[in-house]
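Shared between the two complexes below is chain A, which has chain B as its partner in the first and chain C in the second.
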Partner chain A sequence: MTMKGERFSPRIYMEENPKIRQILKIALVVVFVIIGALLVVVAIDVYTWNGFVVRASKSLVDGLALSMLLFLMVSGFFLIFGLCDVINFAHGAFFMLGGFMGFVIYIATEAVFLDPTLPFYLLFGENYFALSVVAFIVSAFGATAVLALIGGGIEFFTIRRLYGNPIAQILLTVGFMFIITQMAEIIWAPSQITFDIIQWSQISYFFISGIIDFGGGLQFDLYRIFLIFLGLAVAGLMFVGFKKTRIGLQIQAGIEDSEMVEALGTDIRKLFTIVFMLGAGLAGLSGAVLVPWIGANAGHGLTYLIFAFVIVVVGGAHYGRFEGTFFGALIVGLSMQFTAYFIPFLENIIVFIIMAIILIIRPGGLTGHA
Partner chain B sequence: MKNLLEIQNTHVYIGSFYILQGISLVVPKGEVTLLLGRNGSGKTTTMKSILGIYPPKEGSIVFKGEEITNLPTHKIVNKGIGYVPDTRRIFGSLSVEQNLIVSMRKGSSRDDMQYRLDIIFELFPDMRGFMKQRAGTLSGGQQQMLAVARALMNENELLLIDEPTEGLSPLLAKNLINSLDRLKEYATILMVEQNFRAVSKLGDNFYIFDNGKIVHEGNNMDELIEDKALVAQYLGVSI
Partner chain C sequence: MHNVKNILDTIKEIILGIPSMLSSNKTIIAVLAFLFLLPMGTTAGTSPTRALLSLITQILIFALLAMSFDLQLGRSALLNFGHVALFGVGAYFMAFTLDADVLPPPFNLIAAIPYPLTLIVAMMIGGALGFIMGLTTSRMRGTAFAFIALAIAMFIYNFFVENPDISGGETGLSVATPDLIRTGPFYLLFITLAFVILAAFIGMMILYIKKRTDYTGLILITPVMVVFTCFTFVFGRNAYGSVFLFMAFLVMIVLYFMERRKSISDPLQYSENLSITGGVKSSNIVTTYILPSTIIIIVLSGIVVSFGSNIAEMVALWIEDSSIFYFTIPVTYYLVLTCLVITYVFIRRLIASPFGRMVTAVAQNEERAEALGYSSHRAKIVVLVISGAIAGLAGAFYAPYLRVIDPHSVLGVEITINAMLYTIIGGIGTLFGPILGTGVVVYSELNLVDFITEGLGLPGQLWLVVLGVMYIFIVLFMPFGIVGSIGQRSSNLKQSLRQFNLGRINFGLKDADYWVFGFLGIMGLILFLLEDIRFLPFVIGIFGFLGAIGFLLLIVFRREIWAKTKASGGRIKSRLRRRK
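On to the complex of A and B.
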């Protein structure tokens, strides 16, 4: 019971009356369902039933594709933050650079395959489909490797000296964000680069123009479906890796208590470098696979860094929950694409609205403490 | 070599605090050495300086005749030191089995693991029952078993055990101490313990800490318990 003379506090009142709390919870769910249903009804009214189905299914596919892409990026951010306690402000820049690296490596690989004077020409000949797919795979792996080396190098030569000094870490990683962004602007100019504008690129044979048509306006880009499977595959791989391998278990244990992992005989510094490489590599991979869809742009660094923060906070991943990044990415990706198709003017702010609502209801995020 | 570990006149600072003010002690091979004293007297810091978590500014630490004073923690530990920390510090999100796998050092095989598990199950038969359970859901006593078991996953000659009975009920504490007594067969033990009466039959030697210095040492626990003046002055209990 509240004591006499004490100010009324809703939080304490709720804790003392679990039944009312339960009722409020149910009421909240009902309110959300009603709002959702109303939105659906309005949407059907505006776009007609057929238009609604087309838009809804497209936003579902695009939303899942974007979610998976964001998940790949954020899981790298999460690993670095979780194990090394470093908030890597340069992570968005790694992601952006991964895009340009993927682009450059793709164009170069393709040029090598297409050059009749080189022996690789015989590999594919006129089979542009196979050629572009292979060049794309090379570019994705290449961008991952380059960014892993850059991330590992930055950890080894600079951040390693600054563990336990968060202010210096923030300044340093923010500095790297600006350096990488400026370098990208100088080298590739500030404008967006996509495969479409490169006429000699063969990638459109497969990824950009590839469409699955179900009739009735239900067309899906092949590439976005591919992204969904890629994201799921990497997520599955990481999940198994964390559960079954020794190094995965060490990373998980280190996220909880890195000093103890070291006191049990693991070279924690080496593990930090490996995790930095892994995290930056994931940023590189996700940046590279973004290019055929959205393109590469020096401005992506900051935009996607902010998405990373939102996803971590919404998912509750800052409490050390890896699955939080997955759910956070799903919410951000899906909500952005659904609004893009139904309420376009909200596309860029919807994630912040959702973040505010989730933080009011569950301050610890989806998987964090209530 | 009679002494497994020798600490010579070490001075340890944590930040700007002068914690250990010239500690010298030896841990004879095959025996149990106890570090006694009030909270904040420097017992745990001594353990952590052996592990290299708080490396000494001055002085030397020699393990198996080898200087380990300024080595990084993982290298010190890999020479054969197992650590059971004071607040257990088990990895709550992992299962008990995974906690044990993480604790194994590089190059251990599946056979090594089985061999180690046999020793652990012999000491703590109850552990068989909760190998697959998430460590965070274990009771205090079970967590303490796991914390000790973790240190047994490798061929360690020296075990540093910090406050094993802290927060356990008297019965659980007694069972644990019985298990630790049998542990003497496998390794030399350096143990911090507030409840010195509970471990009196375990200890071969003891050092009493006060304000970062060793104020008394001896090798007869029964005499210590009888010495009421000493106990009242440094161990904070008067009966």
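On to the complex of A and C.
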């Protein structure tokens, strides 16, 4: 309905003229493609063709590895936020604690495997490579289990009393963030912990120093490629789990409308605890697999918490879908590594630029409602 | 001519409105009077009070920040993860105006702006940034707004990190103390203000005692005056000032009994113990004008006698060498306190105004408010601008207070989280909550290490863990913050205190009586924080006084008390029997 004297509004004009809208859309895409091509040409001009290919492929691999890692962590945050409506400030701390747990469990397991009095010694013998790989897998699962227990315990004993009071939940989770961060700092000191410090360990040959060389400067760390496949595997597993299993369907439905799910006879309280355990466990797993790459540090909590915020918002926070988080993590990880290799001064803020653009175009994120 | 008459009428109205203004803000005036009196106790040398003043200044600066945060979260339901940006731009702007060498030439002209004006410009910059944040609220709701604000804050933080030339980088940018804070007349201005507020406090007490002519009034006013006298005795430079105050105290009791004589507590028992003589009219003049003005003059001159030499020494310090911080700490304290009070009053009026109601309506149900014809977008923008101005002001105070600022200390994400904690712990949507929460958290942050190492014998690193445990306990047992939860629970207590009778006499507390506890509470708190051994006589005196009153009541009303305990004992017995 247009009245006389009404101001010209581009949005209404667009709605009335779908053809112009379509033309503008195509023009926008063309402009973006041209800008992208120009950037590539400039980059090739600056770094030469060979240098450009090396940088691009390295940033691609690193970016994919980082995004898979972030996805592992943020999917837990997303589940907790989506289903329970709890902004879990302690999630970064869970992630950080997962790193330390993985490290501790790895060292303990390796010591057990190397002990000649125990039967494991017969199993591995002198095969240190298999020993370290098995110990690493054990450590990842151990960190997952420990963090799942911690997360479930926190939900069961404290957060359970505070559903429906989001402000109090923030205070509670911030309290847990302080406690976990400071305990980790007291126990393991504020410095970075990496697997390099264990010199006799075989793990560093595979995970840290393992390199795939294609020649011509195209060298990739093996561990980052491993991370990509791990992330894809977990994502696939979760995707299938959400589509096929009963509990996954219940969780997905609960994110859409938790009251309706409760009315249909699901024990939503139990579901909340399970989701908390799952979320914290995923944070633990991602923390544990981060250690061979970056290391464990008590300061990681807050840094990665902000990434978790950004990815969840980009992917669609309210009533969003699981795939949104996956693509959000991809966008964030890839853009961070690309800028790190090509435009270093933008590395810290590119994430926020992208988030602002996405939120301005789609206020609800990629998959969510406004 | 007509215009002049109008102005005179307005002035007359304002003057006539003063008593009701005083009576309706009893607690604020009582607490303020004490807080304004406190810096006068500092001598020109070192004194423990000065360290406390510095701590209170920090608390007040962060309280301003928390109040601005609460204006968004508590009043208009805007969760803002980028609140620190508003604070940080104020702080950096203040740093740039105080040092002309930081910014490149065309921009360093802002250093020419005189000091009090820079505060206003800092507020305007904070408000402008709040406006930019507010522009996004038309499309963004809930979390999306929080994260756009976070993105803005991160842009600004990274801008300052990437440009160490202007931000000081890791080593930090040193901030000079503003010249005005180091001048004597500015100090004297605040001293004058303190005397005005003290006069208001005494006037408030007189108004109170004239209305509250039953025994409760006397019982409540006595400890206030005793404590006030003791304070001047302990902190003043000589004992004469406290003698003046004691005289004022006696005059006040005389006033009380004169008012009591002509007051009618129960209209049905009118003629029994009341003798109306011809003196009513003359005593009216005495009790309305002569005695109150006498009391105010005696008290103010007592304060001058007690603390005059301190003030004179401070002014002498300005003439000798103004750059030392003995001088700047009380002045900064006064300045921040005054701004906090103005902000508090402003916010209180704002939320009571039609606009404040509209903001609340928008926060509770945006669609309904829009359907009623209000523009929710405009309301949010205005709230963000006001809140940004307050946060910018807090930042502008914080930079000279901290002396060295770097991007992390004024623009770090931790400050947003802290502001959120202060607000939530105090209680969102309450006026006093953010201030109280700030006090609790800042004080415990600064003193937990000492408490843990000396009090509990544990390693001091655990302080953050203890703080976290404290938050968890607060949130589990007071889910609406300290002020919010206590406010919810205390209504029953208030009800039972109101109907406290002994015999035929009502000792109940009315709403107008609670300022006494506010005054005694803030005084006890400050003296406790001073850890001064000299305040022990106070405690003994107050408890002795209360014990004496209790003993007297016990003797006078022994029969009634005995009957009451019997009755309640019987009730308990019967309840036990029922349970069996």
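To be clear about the criterion, the second predicted complex is superposed on the first by the 351 of 370 C-alpha atoms of A that agree within 3 Å, B and C clash if a C-alpha of one lies under 4 Å from a C-alpha of the other, contacts with A are read in each partner's own complex, and residues count from 1 in each chain.
Rule of thumb we're sticking to: a residue touches a chain if its C-beta (ideal position, glycine included) is under 8 Å from a C-beta of that chain, and two chains touch if they have at least 3 such contacts.
Note that the structure is predicted; figures quoted are calculated from it, not measured.
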{"item": "Side-by-side fit of chain B and chain C on chain A, or clash", "value": "fit"}
{"item": "Contacts of A:I23 with chain B and chain C, given as first, second, both or neither", "value": "neither"}
{"item": "Which superposed partner A:G265 touches (first chain B, second chain C, both, neither)", "value": "first"}
{"item": "Touching partner for A:M177 - first (chain B), second (chain C), both, neither", "value": "second"}
{"item": "Broader residue contact with chain A after superposition on the shared chain, chain B or chain C", "value": "C"}
{"item": "Chain B versus chain C as contact partner of A:I167, first or second or both or neither", "value": "second"}
{"item": "Chain B, chain C and vertex chain A (Cα centres) - angle in steps of 10°", "value": "80"}
{"item": "Smallest separation of CA atoms, chain C relative to chain B, angstrom", "value": "14"}
{"item": "Residues of chain A contacting chain B in one complex and chain C in the other", "value": "none"}
{"item": "For the chain B and chain A complex, residues of the former touching the latter", "value": "51, 53, 72-74, 77-78, 83, 85, 89, 91-94, 98-99, 101-106, 150, 154"}
{"item": "Touching residues on chain C, where the partner in the complex is chain A", "value": "73, 81, 136, 139-144, 147-148, 150-151, 154-155, 158, 161-162, 413-414, 417, 420-421, 424-425, 428, 459, 461-465, 467-472, 474-476, 479-480"}
{"item": "Complex contact set, residues of chain A against chain B", "value": "246, 249-250, 252-253, 256-257, 259-269, 320"}
{"item": "In the complex with chain C, residue positions of chain A that touch it", "value": "87, 89, 158, 161-162, 165, 167-168, 170-172, 174-179, 181-183, 185-186, 302, 306, 309-310, 313, 317-318, 345, 348-349, 352-353, 355-356, 359-360, 363-365, 370"}
